[in-house]
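Take a look at these structures.
Shared chain: subunit A. Partners: subunit B in the first complex, subunit C in the second.
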Partner chain A sequence: MYMKENLITMKRLFFLALLSLTFACGDDEQPGGGNEPVDNFDRQEMLFNWADNFIIPGYTALAEKTNTLKEAGASFSETPDATNYTNLVSAWEDAYLHFQDVSMFEIGKAEELRLTNNLNIYPTDVDALNNNVLEGDYNLELPSQIATQGFPALDYLLFGIADGQDALIEFYQTDANADAYLQYLKALTLRIDSLIQAVLADWTDTYRDEFVNNTGNAATASVDKLVNDYIFYYERHLRAGKIGIPAGVFSGSALPQNVEGLYSKDKSKALLNRALDAVQAFFNGTHTTGNSNTESLKSYLDYLEIQKDGQNLSTIINNQFEAARTTASELDDNFSTQVENDNTKMLATYDQLQLNVVPLKVDMLQAFNINVDFVDADGD
Partner chain B sequence: MQKAFLYLLILSCFFTACDDDDNMVVIDTPATYAFERDGSSTVSFSGQTTRIQMGEALISALKDFGESKERLLEMYANETADGSDANPFEDAALNASTKSIRSKVAASADYFAANTVDAARIKGDFTQWIEAQVDEVFPNQNELAEAGKAGQIADGTSVRYINASGLEYNQAVNKGLIGALMLDQMLNNYLSPAVLDAGENLANNDAGITEDEKAYTSMEHKWDEAYGYLYGTASDSANPNATLGADDSFLNKYLSRVEDDADFAGIATTVYDAFKKGRAAIVAGAYDIRDEQADIIREKLSEVIAIRAVYYLQQAKLAFENGSTGSAFHDLSEGYGFIYSLQFTRRPGSNTPYFTLEDVDNFIANLMDDGPNGFWDVEASTLDAIAETIAAEFDFTVAQAKE
Partner chain C sequence: MRLILSKYLNSNTDAAPLAVFRILFGGIMCFSMLRFQYYGWIEQLYVAPDFFFSYLGFEWVKPLGDYTYGLFFLCGLSAFFVMIGWQYRLAIITFFLSFSYIELMDKTNYLNHYYFVSCIAFILCFLPANARYSFDSRRYNLSPNIPRWSIDSIKFMLSIVWFYAGLAKLNSDWLLEAQPLSIWLKAKYDLPVLGALLQKESFHYLFSWSGMLYDLTIPFLLWFSATRKIAFVAVVVFHILTWILFPIGIFPWVMIASALIFFEASTYQQVFNWINNLWRSFSFAELRRPIVSFGQTTLPYSESNSSKPNLSIESKTVTTPKNTTARKFTLAVLSLFFIVQLLIPFRHLLYEGELFWTEEGYRFSWRVMLMEKAGYANFKVIDPDTDRSFYVQNGNFLHPLQEKQMATQPDFILEYAHHLEQHYQREGIRDPQIYVESYVALNGRRSEPFIDPKVDLTTIKPSLKPKTFILPFKGEIKGF
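Entry: the complex of A and B
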């Protein structure tokens, strides 16, 4: 018996020795090999491009939409008729789509206000929402209220509270609590707009200069922080939130009620595609503002000549975005139906999105010498 | 060059592996933690399973704003304020039990048998945290927390409920129990010769005399009771590493967390193997080997507490840098409990913890006194200083523990 134990120990040590050999050899396969060029890339040019051609134009466009949403919310709560309903739905959809363009920029005021958590947490907690409406005594600034507000809560109020447009309008005209619901709906549109206006104002007043001048390569530098926010958004909100969670990747069983746009039914895919376009455009630095700056994550990788398996890393990443888009094109407009009828396509889309996590989060961050600043939560 | 080094390494492994052969005692260590006498299992630790379950019920109830102070305190003591029988648990089996959390908090033979002053103070700390949760945090359920004011704070999509200094009392209780209940009972009570060898235990174990109507000797049972505080809620308690981390919210969970850090991979196997070999040594009557294994367990599990304390201090620093105040406070609240638990650690080969009650009081005072509002004012340099001081007494660095 004693010898047996020694044998096991011996095997374990041998395994450890082998393991250390593996590690010793691992380094040679890093992208860029041993002769990486000195990193003289002009990070500030990239920051100019991000701030002036993506972030500020993105919030400016969104702020116009949320202003329209606020006005449509006021009109509908004043006169809940079919015309005002149609206007409100269209304003909501427009703003929700534009929100996909900026949700990845959770930095500065947006970070302080926890913008994405306040505007796009789904599924909505319908019981808590009803409780807010009927009690009338709620504080939407409380962290415990993130699932009772934002675009998903409006999705419920505009599509889920009754079945079909006629029944909905009738509800808001005749229900005993109609006025309380209308006031709540109006309060939600007001809050969405005020949060967005606050973020935009901060960018245009002071934060833009602070952002573009914080050019270093440290945990607190603009590039390091925004790239982390970008990858966090891609992993948690796009890959997991829009696809992985409803497909049951993290829970074992599918959760069709957890899709984005649950009640409007036909918006999930449009929201995903918009988000996918936004993250890829940001990666490539391609914009439509007419300004001349174009430096981007892609041009930075190309400047450093980062390759993987004999291919430019930037090409690998772009190809993978395309692969995800192609797979997602097979999905139904309504992801809830997709999960229930053929979840395999949801899982396949998740897989394609997942395949870009290592190139973005490991290979790219290593090339830029950026540390990941977020970790998986403890779960308690 | 690299190859030559590898051969040397392998060669040296062979030599190391063969060193032990001088030992004369044959220890029959089984593949899993399963021991039998005359066809019956001799392994038993139901009392430990019960206390872990009571702990789970308590930490869950601390986050339920409908709970009364009276019921929470009854969950802690499993009796009413005047000492009569209480039924605070949902689970009837827990209500029927005569055991309680409080009776085994700071209650080890080695540390507290002749130190009832500290034991009473520590038992009282938990009472105070439970009462403060109801008195300070519950009334502010729907208030935004700010410096000096209890209430809610966001931690990502989670909501944390903190006191005026930023502390989550439920975390202090949860992580504090890992030291005051689990670790203290294991390292300083059931793995101690003072308990293992008490009364006639040595002679009875040598002669194979079992307890009345039981299949186990007293010494075997004591060792199992130590085992039960770590693995007592495992779905397969003979092979608990298969589900390590999923079985409780206490030591099992955090041994798993440390195991998941590549710097410490293997620690779970080391602890489990030491439990098995020590138990097999008791069967073989090899008490020196038993005590060697106890020392391995003491060293490794003490390390788990210290690694997690350092980890949370460093995570909090990172979260502050990222502007995530709520995440930082949550890390500090968990860290607070692990720091508190340091006083129940045990230096192998000694009768002393790595840090005393007084050391722990000082750490916590430092953590809280950079300004008037505790965590709201704490400085990164304070977090680093405490982390460095802790790591310096152990065989790991702050850098190894921090991720």
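Entry: the complex of A and C
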């Protein structure tokens, strides 16, 4: 009796399996194959592309620059003359631009070290910075110290502490506290370099393999995490940080002191453009490393045939990146003066950046079924 | 009719299925609380955030700061006592209250599964689930026989969940577009073997249709003894599959364990005998004794028990099928509960507009896995006194999960707007006006404008009234 029922159960299960198989094979044999893509989009190829052609090369290039920055910082603090100053400024600018290429990858070690928070929070808290220098007793690893270090703090020390290059060099040569400031400046360049070297070392030692093999579809999987990071960066640091906040979008009144590169004055636009290029290149998967894999958010969207109003969603997103770039090209090199003189152009750029949030955050996330956070769900 | 009903209400049955249900339910719930703490969710969801979304009428239910851990501990502890059947009545009432309180603290974390647990716990408060295999039954010599309706009420609750979940799948998105399964299954590319198959459209339809048929038929197949075993196999296969495919936590195990209650006491007897035989064949001769004894551990009910506190009520109702007040009360409460259960999932008929879009009457209706929604809501604050206006960075107020839930559900958007109003009033804006520009993408469609951007949300009070500030859905979904 028991055996017989078991047998029936087995038979039914077998039948069910057979039915599924028939279903599965059925559409392969359809004439023309229908319009359904049969091949699996290999998301791991996308992870390979991201790790090997964007993240690791990005950090490798940045690490060279921060190493130069560290050496230039040491030389200048040793001998604060015009030559060393020029070298240091150019090393700072180089590293700052390269940082824009990787700032969106806040994952793994970078997430653990809260890299963007430690390297690019602006405006710098000048009072707290001066306090650090004069007291000489500070711990840059504390969360309370994010606005006293990184590239913006160097921006202040290299351009803001006195008016003009000659006055600056004179300050570092003659001021009563010059030595304390030079030591602080050196400490900042050291810390930038050590943070970047730590992140790069982690990627090349172990994290790369962990990253490319974490191929699942969960909030903790690489694709989900990095896409969330990417959109967070675009919304928070690029759209809001570089344009929206100084333009007063979130405060109702313009905040010209809140631009990136406040003291160097002519770097804001270059930094924005670099970040915009990086974000778009990552979206498209286009790289210059010579490796062959190119799978990207764009090719993934195209594979899924995601369209909106008769157009590929990827085209819409790329067009919008272009529109934002075009509007931004109207801006002054110095966003601070732009905000003060004609804020409408800043607001127009913000609007163009904003227009890409919905396609990226709503349409793309839905298409990929990206999980926002690791919690139980029942799909409603 | 009246006679049949009264005969039914007075008929008794062996308590074994309900007792086993109690043990498994208590055990899984206790595990569930430990799991919640293990993943750091108490901190992440209830202690760290500054703001919580409330259910209408339950605004007073909020997390208790650091005491929230104590609440979870109490909930887990009471689940443990439910499992072992020690002071059962007190334990299950404590569990029901603490668990429901937890669920009411933030509706961001609403899951049908949690609601199901609350419903079952509520019913269990009225049932003699400690009549067997419990410390109580030994201590108070409880009768192993209990009213038939007490087991049937759990079965009925389960049947409502499955059947209504099946009804809700009778819509064009689910059946004709295979949405949202199509989106979800495609994303499971990295599963061995299954991953490649799940890319195929035919599989999305297979899963959609078989899921619908499963939900609609499984209650009946479990009630009838002829189909019960095959139905249980289907329960196991179906729920394990959902466990593999979707991040739905412990729910599959709850459902598999719950489905066991459909088996007769005699089946439990067979299984226990089988286990005993197995045990005997492996153990030494002097240790030969049954590990699970059936029908012998409990003594017949004796009147002397009635002097003992706590558990006398169900003992009395069991052996003396008279219409005592307590029994009348229990039956009345449960009847009312089930009438409400049967009606509530239909309350969306009171609202116009597409249910999936407006979500008016969506929750508490066993609509499970029906929607993939993504949204974005950009709030604009205007100070009418100065004409100053600015946008809100939602990340400053909400954690990512809250932001995601808020952006797709109108009642969340409204509540958040009122929270922003209060915040900016404290910041010194006398009468902030709050507008939202929002987009939602539903079940694979592209994003569409969601909330009327011309409505000042601070002028609308949260209520059950139709939400006129929702823009109409441009797509069409036919069906239940």
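What we mean here is this: the second predicted complex is superposed on the first by the 331 of 380 C-alpha atoms of A that agree within 3 Å, B and C clash if a C-alpha of one lies under 4 Å from a C-alpha of the other, contacts with A are read in each partner's own complex, and residues count from 1 in each chain.
The rule is short, and it goes like this: a residue touches a chain if its C-beta (ideal position, glycine included) is under 8 Å from a C-beta of that chain, and two chains touch if they have at least 3 such contacts.
As the structure is a computational prediction, the values presented were derived from the model and not from experiment.
**Student:** Have a look at where A:D373 lands relative to subunit B and subunit C in the superposition and call it first, second, both or neither.
**Tutor:** The answer is both, since A:D373 touches subunit B and subunit C.
**Student:** Does subunit C touch more residues of subunit A than subunit B does, or is it the other way round?
**Tutor:** Counting contacted residues of subunit A, the larger count belongs to C.
**Student:** Contact-wise, after the overlay, does A:T220 reach subunit B, subunit C, both or neither (first, second, both, neither)?
**Tutor:** first
**Student:** Per the contact definition in the header, classify A:G136: touching subunit B only (first), subunit C only (second), both, or neither.
**Tutor:** neither
**Student:** Just which bits of subunit A does subunit B share with subunit C as contact spots?
**Tutor:** Residues 5, 9, 13, 20, 24, 219, 373-375, 377-378, 380, which sit in both footprints.
**Student:** Per the contact definition, I'd like the list of subunit C residues that touch subunit A in the complex.
**Tutor:** Where subunit C meets subunit A, its residues are 39, 41, 45, 109, 111-113, 180, 183-184, 186-190, 195-197, 199-203, 206, 229-230, 233, 237, 246-251, 362-363, 367-376, 378, 381, 383, 388-393, 395, 399-401, 403-404, 439-441, 444, 446-447.
**Student:** Of all residues in subunit A, which touch subunit C in the complex?
**Tutor:** 5, 8-9, 12-13, 20, 23-24, 26-27, 34, 36-38, 40-41, 43-44, 215-219, 228, 236, 240, 244, 248-253, 304, 307-309, 313, 354, 357-359, 361-363, 365-369, 371-380
**Student:** Would you pull the subunit B residues touching subunit A in the complex into a rising list?
**Tutor:** 2, 6, 9-10, 13-14, 16-18, 20-21, 23, 26-29, 142, 144, 152-160, 249, 257, 315, 318, 321-323, 326, 334, 403
**Student:** Taking the complex as given, what residues does subunit A use to touch subunit B?
**Tutor:** So the residues of subunit A touching subunit B come out as 1-2, 5-7, 9-10, 13-14, 17, 20-21, 24, 111-112, 114, 117, 121, 139, 141-144, 146, 219-220, 225, 373-375, 377-378, 380.
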